[in-house]
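In structure tokens below, several structures.
The two complexes that follow have chain A in common; it is paired with chain B in the first and with chain C in the second.
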Partner chain A sequence: MSNLNQAMIEKYRSSFLNEVEANVEEGHWVKMCMQCGVCSGSCPLGPHWEHPPQELFMMIRANEREAVLKSDSMWMCTSCYNCIARCPRGLPITHIMHGLATYAKRLNLVPKKQPTAEFGQMFWDSLSKNGRVNELKIGVGLYFKDGFAQGVKNAMAGRELGMAMMKTQRMNAMEYFGGHKCKDTSGIQKMLKKAQEFEDQQITRFDGKEG
Partner chain B sequence: MAKKEYSFYPGCSSQKKASADNYLRSTYSMCDALDIKLNEIDDWNCCGASIGYAGGGEVPRIALSARNVALSAQQNPDQDLVATCAACWLSTREAQERIEENDKVREGVNAALDEIGLKIEGEQPKARHMVEALIEDIGFDELASGVQKPLEGIKIAGYVGCQTNRPFGIAGESFENPKYLDHMIESMGAQAVDRYDKKVACCSGALMFSEPEKGHALVKDIIEAAYDGGADMIVTPCPLCQMNVESYQKEINKTFKTKFEMPVVYYSQLISVAYGKSAKESALDGQIIPVKQLEDVTNK
Partner chain C sequence: MSENKTGAYICQGCGLGERLDTSQLVTIATRDGKANVAKEHEFLCSAEGVKMIQDDIDNEGVNKVVIAACSRRAKTDAFRFDDVAMSRANLREGVIWVRPDTDEARETTQEMADDYVRMACAEVKHMKLPESSGEQSLNRHLMVVGGGISGLTSAIEAAKAGYKVDLVEKSGELGGQVGKLYKSVPRKNGLQGYVDSEIGELIEAVNANDNITIHLNTTVAGTEGAPGRFKAELATESGSTSSIEIGAIVQATGFRRYDINQLDNLGGGKSPDVVDQMGFEELAKAANGGTIKRPSDGKEVSNVVFVQCAGQRSNEPGHLNYCSGHCCTTSIKQAMYVRDAGGDATVLFDDLRTPGATGEDFYRAGQEKGVAFSKGKCTSVDTSGDLKVNFKDLILDEDATANADMVVLATGMVPASGPNPYLQLELDEAKNQEGQEEKVVKLEAELAKAPDSILNLSYRQGTDVPHLKNGFTDSHFICFPYETRRTGIYTAGPVRRPMDTSQAIEDATGATMKAIQACENAAQGRAAHPRSGDLSFPSFRKEGCTQCKRCTVECPFGAIDEDEKGYPQYNEARCRRCGTCMGACPVRVISFENYSVETVGQQLKNVDIPDEFDEKPRILVLACENDAYPALDMAGMNREEISPWARIIPVRCLGSVNTIWITDALNSGYDGVMLMGCQKGDNYQCHFVKGSEMAHYRMSKIDDTLKTLNLEKERVQTYEVSIADIQRIPKLINDMDKMIVDEIGMSPFKF
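Up next, the complex of A and B:
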């Protein structure tokens, strides 16, 4: 993946904006931002963004490639869509933030241990394996993501909630040993593989070696 | 024959003994009371939710929703695709829009679907949230006319949250102050909290799991505003809002020295109870924080 990162640097040396437009979901909208800051002011986690959305847009235009892609800012997006609803220029900001996160992930530039990146990957792995999400396995996986000792501590802390979820029939211990899944899991895996190949081709096409 | 019939997409949380088991059970109870038939899409899959982007790119994520849309069209032709989960509904609508508008995405999605012998072609089923179907196909007046046990004297904060409200929302509603949940509360004979400050605030969504401290702070404000408005309980149309606002109250109390014990129910539970269904049918036993006032109504 770092090879892909190098290829992209070579290809778009002069313009990170062009790179974003070509490779990031809804990235062609970035140049429309007029820096009003309504998105940043509307974000429920606004104070936690090192670079709020409108700043990221400016940094993209200023060629701050590394600072943008290595930032954990876009991982603060809760997908509340306030920014989309309020942007006077109609930018699909939520999607651009997701797109930047996906692209940073693809280039292996996400900060280590970024919790939402880790959790999101567990979520994706679960659904792409079984077609449906296994809530219990993701929950347990999340507890233990920082090692066994921390996991036991987390699990003890969450024990009361776990018991309450069981009691109200909203969690099933048996889910750990299989659980809900689609019938055509192999079909879903094939479909996702094909979709991923298609998307990879769209990006590698720009390094001049393929496509 | 049932009065209305829909192709039903329950989503991962609304499965037996999953986190919104109470939503699923009360939805079936409500639909029985309203003479709505739900035809569950056979072998539906996860929509990718709002966190799928961490693992899947644009085309894989949209392919997931496209599979559901194609299955719905195949199994339940001419029926609207109705989701109860806000994220399922949103992902499905977004996917349909993107497939429609972006040639590259459409090409990729159809190539992926081709692997399993499916295709997006012709007119796609309309993706709707259950509350849309209730409001537009039945209407508040008719909903009110069937009430057998009015929820008299109960004050409820209508917590709309994010994803049934933005970016698509319910037709005719504003993003900043949508009224549909208040109307629904009043149709059932209860009183809606006026000017509920945090009506459209975010519960932190999936970040509750990865950034719990930030999530708890957001939920604290949502519950506090409900108390400020004199609410006996909160009602929501979204399974993640329900889970996030109801189930972390003990931890929030510890952190913020609060004494919250605010029940959080689904609109489907309100309707089910008001239409005379039992506490069990209305899945009141699925509440972590007991909702005594609704239990009392079912015992009347």
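Up next, the complex of A and C:
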């Protein structure tokens, strides 16, 4: 996929804004930003972002492609929709953030160990395998994502909650071994496969090889 | 008016009857006030009460009326009697509402009311009924100077109202700066992008209108007279002259382009490819929808950078310190030209402002078209090779550079006003004084740079409309839109303040309405804003006049000329009736029929001054009727307590306060005198521009008088107050009371 990145660089050499407009979900809105900064001021996680939305938009216009796509800022969005509710220009900022994250993922530019990205991947793997999400597996996976020792520490810290949930039958340890699936797993998988084909077509279109 | 008969009417309503002994007030009015008729009524502003007064006017021959009830600012419709002089004693807002309702306070409250009745009776005795001078008749004819969008709008609006118009244009064609534009910003629906200019249709309409006479290649060689009877000499380029008689004047001389050579760090004057907005319009007009070709080598431009706030909103020397208001929108429009021809356009802005109803949508339309907007401050333009714009990106906080085929500098509007009329006067004065050589040199240098006169007024106070700030010919940006400091001459468009086309159209319409109003008012001898409708005007006793010229110099509106012997000529229609001349006159020969040195002087002399040992001081408050007096009324409505020793007299403007009143007051035994006027200085709020300032200046010289009387200088104080000072003004009065009682003691001048 990294050659897709190279292809995009060459295709939109002059303007990252045009690239975003063409390839990122809701990306055509970026040019409408008037730099008031209300989004950045409204974001509850704003102080933890390296580049708040207003700045990301300015960076897009300033052709700072690498810095935007390799940034972990848009991965910090929790979809609280404060920015969308408040943007005086009506930009769908939350959607643009997710669009940028998705695009960075496609181009394989996501920062290593980005927790949101890792969680997303786990969620997706679980979902696409069984047609539904196995919460226990995801939970354990997250506990142990930073290594075995850290995983044990995490598990010990959460053991009381875990025991309580088992007691009240909110969690079943046996789920870890297989777990239950949706009725028609293969049907779901077929649907996902078809969707993936459409996506791939999109990407080849991005590649400039097909129309 | 052969015989004077005064009627005093005392109201018992609104609690006056309970709080005051009104029968005693009747006695005061008859005994001290010498009223021929004095009556009480339980509800004076009722139909019955008003009828009682009207009956006395009709049947008893009462021609001077004293209403002792509420403030003169209340119930004006009820207490409106034709053909009688009237004075109002403010017993409600001024007495019972500012005093506590207690047994201890009853005596002093009654004394206050007694004094106000005495004062009103004294005032009305010296008032005459004002009549129009009849100096001018109705002349429904305007002169509009300037044939741009503002002037054309003014001409057509006046013609629509049935007025005749002489439209004077210096150049050979109508249209002005707007006529040079390729396209316009729409006045409706900004999302549609730029539109064709409406100026062509407007010029046609003006050409076709029978009420409008167009004078091209013409300037105004001289203007004299007053509203309703102006005479103007028009001189054409070829040398012929003609004379017109007009009722009022609209000056719509627009703006001059800021000289971009002054912006050499931004490439101004260093490269032909760095132009201002008007320069870019010319190129766009030449391209007529095609790709714009740059001046240096005729290359088709594909990348243009627009630098906002070039040489404006900046305090650097030579820069304009104001925002011209239209430039952001204009740059967006021009960037659209570039985008529509397939090029790239970047607008480099610090604060993007698109005022007006269509502004925000027009901005969106620009963004939709893909105009790039970068928030950044341009530091320099490198013209050595291909143009490079260096700027500081204010969002990313980093230095950046943009390449450009052309750079457009959004420079500001410089008002095309005439010279500051006071410069020449100051120079003449400085030349007559010793030790002013430096000032003379400075003023001469400034005058050498001054533009040619536009109206060539033959006024005592110079040839043109005075400037407010930065050469704009306004009077007050917020309080008095359209007014200038020359009655009957209205300025419209960017000569008054920076503005865009739609604002100029609106401004010209407003100014035209004011000009029409000025003609109609002048014909009836009525004052213009702010004493609208006032029929009184100043006159002087010639035998007493020493030709000192203080009134002609100090008039804030340049209304007063001098005849060949140096006597003042008042020009009633140019007068705003502030009374600054009356305050200035050292021999006190200037008066209005209903407002004079006597009407106020007699009021303060008729206040009962108790013996020094009664420990009842008296404080005279001369309060400007525009701001200070309404604030005092509101203090009454809010039941703010005011010292019982204060006696408040409203004055037209603090500028009308003659120092004789202060001297008289101190001689009669007042313990303190307070003058309350509006804010003065650059951000003045004075309704008569300079009145408050003049008063402060005159009062700064009162110390000598106090010294000769051997009195403390704290006894006379001048204040700048605003209409919102509802708590502050009572406090100032109470502080004065306290200071007299606790610190300086009673005045020794009580007889």
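Operating definition for what follows: the second predicted complex is superposed on the first by the 208 of 211 C-alpha atoms of A that agree within 3 Å, B and C clash if a C-alpha of one lies under 4 Å from a C-alpha of the other, contacts with A are read in each partner's own complex, and residues count from 1 in each chain.
One rule holds in what follows: a contact is a pair of C-beta atoms (placed from the backbone, for glycine too) under 8 Å apart; a residue touches a chain by one contact, two chains touch by 3 or more.
Keep in mind it's a predicted model, so treat the numbers as computed, not measured.
Superposition of the two complexes onto chain A shows chain B and chain C fitting side by side, with no clash. Rounded to the nearest 10, the superposed model shows the Cα centres of chain B and chain C diverging by 80 degrees about the centre of chain A. Of the two partner chains placed by the overlay, only chain B lies in contact with A:82; chain C stays clear of it.
In the superposition on chain A, A:34 makes contact with chain C only, while chain B stays out of contact range. Residue contacts after overlaying the shared chain place A:169 against chain B, while chain C stays out of touching range. In the superposition on chain A, contact of A:17 is made with chain C only, not with chain B.
Residue by residue along chain A, chain B and chain C are tallied for touches, and B comes out ahead.
Of the two partner chains, chain C is the only one that A:61 touches; chain B does not reach it. The gap separating chain B from chain C in the superposed three-chain model is 19 Å, by closest C-alpha atoms. Put simply, chain A uses no single residue to touch chain B in one complex and chain C in the other. Contact residues of chain A toward chain B in the complex are 25, 44-45, 48, 76, 78-82, 84-86, 92, 94, 98-99, 101-102, 105-106, 115-121, 123-125, 127-128, 131-133, 135, 138-139, 142, 160-161, 164-165, 168-172, 175, 180, 182-184, 187-188, 190-196, 198-199, 202.
The part of chain C that touches chain A in the complex is made up of residues 352, 363-364, 367-368, 370, 372-375, 393, 395-396, 400. Residues of chain B touching chain A in their complex: 12-13, 15-22, 43-46, 48-60, 62-64, 67, 104, 107-109, 111-116, 162-163, 165-167, 175, 201-202, 204-207, 209-211, 214, 218, 247-248, 250-251, 285-288. Contacts from chain A toward chain C in the complex involve residues 17, 31-32, 34-35, 54-55, 58-59, 61-62, 64, 89.
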